[in-house]
Amino acid sequence: MIDALFGSGLSRPLEGVWKQVVERVNGLPNERVSIDLPSGMFADQHTSGPCIHANRSFSFETPKLAYFFKENQHCLGNWSYGSIGLHQGYCATAETPFAYFTADDAAHLARVRGRFDHKGTFGHALLIAGSYGKMGAAVLAARGALRAGVGLLTVHAPRCGNIVLQTTVPEAMYSPDQRGKFWTSLPDLSIYKAIGIGCGIGKEALTAAALKTLLERHDQAMVLDADALNLLSEHPEWWRLIPRNSILTPHVREFERLFGASENDFSRNALLRQKAQEHGVFIVLKGAYTAVAGPDGACSYNSTGNPGMGTGGSGDVLTGILTALLAQGYAPSDAARLGVFLHGLAGDLGAAQFSEPGLRAGDIPLYLGKAWAKVLG
Amino acid sequence: MIDALFGSGLSRPLEGVWKQVVERVNGLPNERVSIDLPSGMFADQHTSGPCIHANRSFSFETPKLAYFFKENQHCLGNWSYGSIGLHQGYCATAETPFAYFTADDAAHLARVRGRFDHKGTFGHALLIAGSYGKMGAAVLAARGALRAGVGLLTVHAPRCGNIVLQTTVPEAMYSPDQRGKFWTSLPDLSIYKAIGIGCGIGKEALTAAALKTLLERHDQAMVLDADALNLLSEHPEWWRLIPRNSILTPHVREFERLFGASENDFSRNALLRQKAQEHGVFIVLKGAYTAVAGPDGACSYNSTGNPGMGTGGSGDVLTGILTALLAQGYAPSDAARLGVFLHGLAGDLGAAQFSEPGLRAGDIPLYLGKAWAKVLG
Amino acid sequence: MIDALFGSGLSRPLEGVWKQVVERVNGLPNERVSIDLPSGMFADQHTSGPCIHANRSFSFETPKLAYFFKENQHCLGNWSYGSIGLHQGYCATAETPFAYFTADDAAHLARVRGRFDHKGTFGHALLIAGSYGKMGAAVLAARGALRAGVGLLTVHAPRCGNIVLQTTVPEAMYSPDQRGKFWTSLPDLSIYKAIGIGCGIGKEALTAAALKTLLERHDQAMVLDADALNLLSEHPEWWRLIPRNSILTPHVREFERLFGASENDFSRNALLRQKAQEHGVFIVLKGAYTAVAGPDGACSYNSTGNPGMGTGGSGDVLTGILTALLAQGYAPSDAARLGVFLHGLAGDLGAAQFSEPGLRAGDIPLYLGKAWAKVLG
Amino acid sequence: MIDALFGSGLSRPLEGVWKQVVERVNGLPNERVSIDLPSGMFADQHTSGPCIHANRSFSFETPKLAYFFKENQHCLGNWSYGSIGLHQGYCATAETPFAYFTADDAAHLARVRGRFDHKGTFGHALLIAGSYGKMGAAVLAARGALRAGVGLLTVHAPRCGNIVLQTTVPEAMYSPDQRGKFWTSLPDLSIYKAIGIGCGIGKEALTAAALKTLLERHDQAMVLDADALNLLSEHPEWWRLIPRNSILTPHVREFERLFGASENDFSRNALLRQKAQEHGVFIVLKGAYTAVAGPDGACSYNSTGNPGMGTGGSGDVLTGILTALLAQGYAPSDAARLGVFLHGLAGDLGAAQFSEPGLRAGDIPLYLGKAWAKVLG
């Protein structure tokens, strides 16, 4: 059955006869294909009220915002989208803060290297990562950064990380902390073009103090992840120290620690956009369709990735990638969207080889080169 | 020659003229093909008396129990089975505690991941493994768990394991024991969805005490292997502490330490089923046709694997796989059967690449992804 | 448009009507293809004055010197060269200190191994490399040396390098320094056929002293890289100690530390050739077309490599390769040119697999074997 | 030109007109193909006097002894052999102590595993290997043993080897010595089915004492390599302690340390056979055509391998392979010949991938599985 009764214009719950129709249709054994949106579903807000439970949904030109949220999946079924020949100029000028970031967008952003470019051109990145028992987070972030094209990489970590890092990522230089098991001190920051911080650092008091010092001393956009975000959620007064255009990469639980819980996916998405604007940062909300919200209110949904990437260390690799892109001079907005895309594509290529349950986070950097090759064409 | 004189109905030794016929046939140079069972062989118990020495045996619909035991191989030759068109309903309803676990069964059990599943969905597993000189067991178990799809993995090990684990399995977090060379203390267990214990832990007194404490404190089904089983065999009073539906994975010698020797393969098999029921656990008796016996008396024989897997560390990988499947929410019965199947299939894929003698245990996790891919289709 | 007005004979800036023609042509939307050289460009010196901005340039028989320099690329566009049937004897006898080192040259230099050659035949090399936090440089140099065909390899490093090196490059023997974190002492040098020094050694005072002692004691051609060059730039009085025909491998910044800045690429190239002759050494100026200048004034430009190799550790791999070639008895001139070619080719093969931004320095040794195979045919 | 004047019957130098003919022929520009042997060459002893310098030589049925020695290669050119239809029975019964070990022989010796074989079937091997700075030798030997099919592997090494071994070969158990930097003490030997000793152990006095103790206590055939042989050469009184049928694996210099220099390849070969008989051991003289001489006077020349294997660590891998074959119950004679063949074949497969100069010793274990697969068919 083709469901094209109500499209994206609807904004209040179906009632009366329409409600009865929807319930009747859902009770039929037929396959249901919804055009634009399943009738009853709201395009831009949480759906209350009855809704067609489609087996498949099809959107014109671009997916609807509603397509990206878990709460709608049981009504959308397998969704897809395609052109019906709408005027491209119309699409481009249609004012919307929302975008779906695809392979074309990635190809547009990714830079071809010049013949005379050298390691200086690609920047020196600093990752502050790891602690006793969690040095693997630093290893994975470093591998992500190295395959993302950084010119030089230094990893600052407690002394327990020395042998681990030098053995697993010989391309990276190791900057030793003053302490053995967790991060407490800062190296000279002036030589680094980009800084990524947080993977596996823990939340010791001295680590919190070091993070505060870093934020006070450094005013360039940086990447904050994991425990750096958890510490920030415990010290909301540090928000004013976060450099403008920094990239924060919470998953849902970390997001809720930072900004509180949301009633539904739409309200969380609204909160995401509001907070990115309020704090002047890029917030990468990691999930099935990772969202990148920016200071200008724009919000981009990523088109790559798979649930095999839901495994420990996957996010550390992303932090390495984003830091490496900043070091290469990509603008934070581009770094965030391209990095998330490459990370997901590498995960997809890895899963094609190792299956989704068989994927390890360490596979993602291994396939990052092939992901770049696909993007660069 | 086709041997179809006696089938699976026989239950006492052939005598007189039948004995003479069998001996005469075995003396002929002809190739002998037995249908159902070689004449003289008992289907469900140890064969005493003369038996056709078949070059090949063929069973209808499913292998006979007798097919799985070493003691019968010299009479069975190369065996196979196939459908002759018996009514599927009949097969499904035929009451038997025995089953042959095949690719179809694995495909039925294996779960396809949902688009919005994340690392929380796939559970946090704890492996307690390794000791000074045997940290490799922890490494291999961790690699098995990571490629089996766990969401998060922590390995608890003595302090000598820190660098080894962080270097080889960066995706896993390391939980340090209070001691340097063997396991003595427990981390907070409340955050773990599944626990696997025993690979390479040794049998120090403090380790035994820690195992007892673990069993007293934890009441969820866990995986017990290797030295955990050896310690259990020395402390039979701990049987009452083993959580219901736990999975125990002895090889034959470990099985005999736990339950004593058996006269033959049939009596060991009966003992296996009896003990699984008595203790309310799943016992995985590792070998050529690994058997999984459960609290309900059912016993499943695995169809994958090869003798190249008879190499140190192979069992550690299995422990990691089983623990990871429990963490993902597979019921212990499913985890045990699917895990054993995937482990064997990965070993088969590995041996196709590296040959049977050339196979290392560390190859098994490497091919686990391909095994998943075959199972998921 | 075909631009063949002025070729390589020009040596003063275009003026008057010619200047106007060039400016007019550059302003047209047509594609411009320059023959020999873009009109206005000088063949052997820095171009001052107007010049055709070609989209493509084509040279006869061999690239012009001007083709190798960054400052000309915006006028050359994509350049290529090819034979127009000039008499080969003429090309061979044309007196020029400049050469373009191609696959044919590499095939000519590379030696096929004899059936009865053994590890003694291929020499024992010593790498002095690494310090606390930079042991990866030693790892990468060692991997380069091993895949370049050395018979035996010893790496001398501070004691912090023991586990790192033994774990990552088991084929190499480790020679411990007296100190834990940086290089200060010399092993018995008499057993080594070639020495490579400098990768990641740092610039501690005791390290500087050890380098001086090495230079005083050893009179065979060696390979000097990285911090060995930086120390040399701080101690110009050591130049007299550098063994004749040694190979020095600076990148541009290291070159400038040694010899000062240059006004343009041509003057830097002249300085390179002058210094190689003055000090009786081979200087490998690393970059887009790595130049190898020798004591006899010859200068060879390499034809392999890509900007993906502009990443930390790439140069360490080259040092290992060059040292291994010296150990195998290649003359320094051959070792330098063949080593640079193999290094670049391995990087090209690696980038074909991993993309340019996805390339890690550690990929280069991995593809060195395939590079050898291509060269050996 | 076909050279078939003199064949293998010759035993004194050519003189007079025959000498003139040979010299004349060598002076001609024609290609020379020698049948059986180049005229003037002796089949079974050092050639004195003039000899045809063939470009190619061809032997019937099997290579001549003279073919295996370096001193003859310049006269043999590229040699080959093939059947001309001699009666196979004749070949088999022709009494000669010499044999050329080929793929057919390997296929004959290699055992197919039984479905019910397990890690106990494949034996527990002990490698005593490594010292401070040379732990890589233990790593490579262990990798060789693991890919050669051993059931269980323990590596006994000084304490500096703990992290190195557990990180690189997790399948192996580590047995710690009482000392930190070199081998001095013995573990309980009763549980091991085969012992391999010598790779990288050094020659400290306490190490020598431990080796003597091992030889006194253990009377089963073992594998002795490298420094174990060097120590033996310094303590010839220990020869009486070497267990009968042990396998010794010297390269030429180690052989000369043990038994003195030889005038030529034939006399070295005679010495090899004599010493193997005298001491009742198998001596594997490693080189281009590795020779395995046994207590019965037989001497087998290996047909696999390439000069790319002339690289540090290659011999360590062989020691691991031989020890693993003994542990699996191969007779020493079979273990020596099959092990040498597999090692060489793995090196050939590795060189096909990585080229000869690009081959690392660690590649050999990686290709051992494929070598097994080729041998097992």
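Going by the order they are written in, the chains are A, B, C and D; count residues from 1 in each one.
We take it that contacts are C-beta pairs under 8 Å (C-beta built on N, C-alpha and C of every residue); 3 or more make two chains touch, one makes a residue touch a chain.
All values derive from a computational prediction rather than experimental measurement.
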Number of steps on the shortest touching-chain route linking chain A and chain D: 2
Chain of greatest Cα-centre distance to chain D: A
For chain C placed onto chain D, the superposition rotation in degrees, Cα atoms, nearest 5: 90
Residue-number overlap at the chain A/chain C interface, same or different (half cut): different
Averaged-CA centre spacing for the pair chain D and chain B, given as whole angstrom: 40
Residues of chain B engaged with two or more neighbouring chains: 163, 167
Interchain contacts (touch definition) - all pairs: A-B, A-C, B-D, C-D
Of all residues in chain D, those that touch chain B in their complex: 113-122, 146-153, 162-163, 166-167, 169-176, 328, 368-373, 376
Contact set on chain A toward chain B in their complex: 70, 73, 132-137, 139-140, 160, 163-164, 167-168, 251-253, 287-288, 306-308, 310-314, 353-362
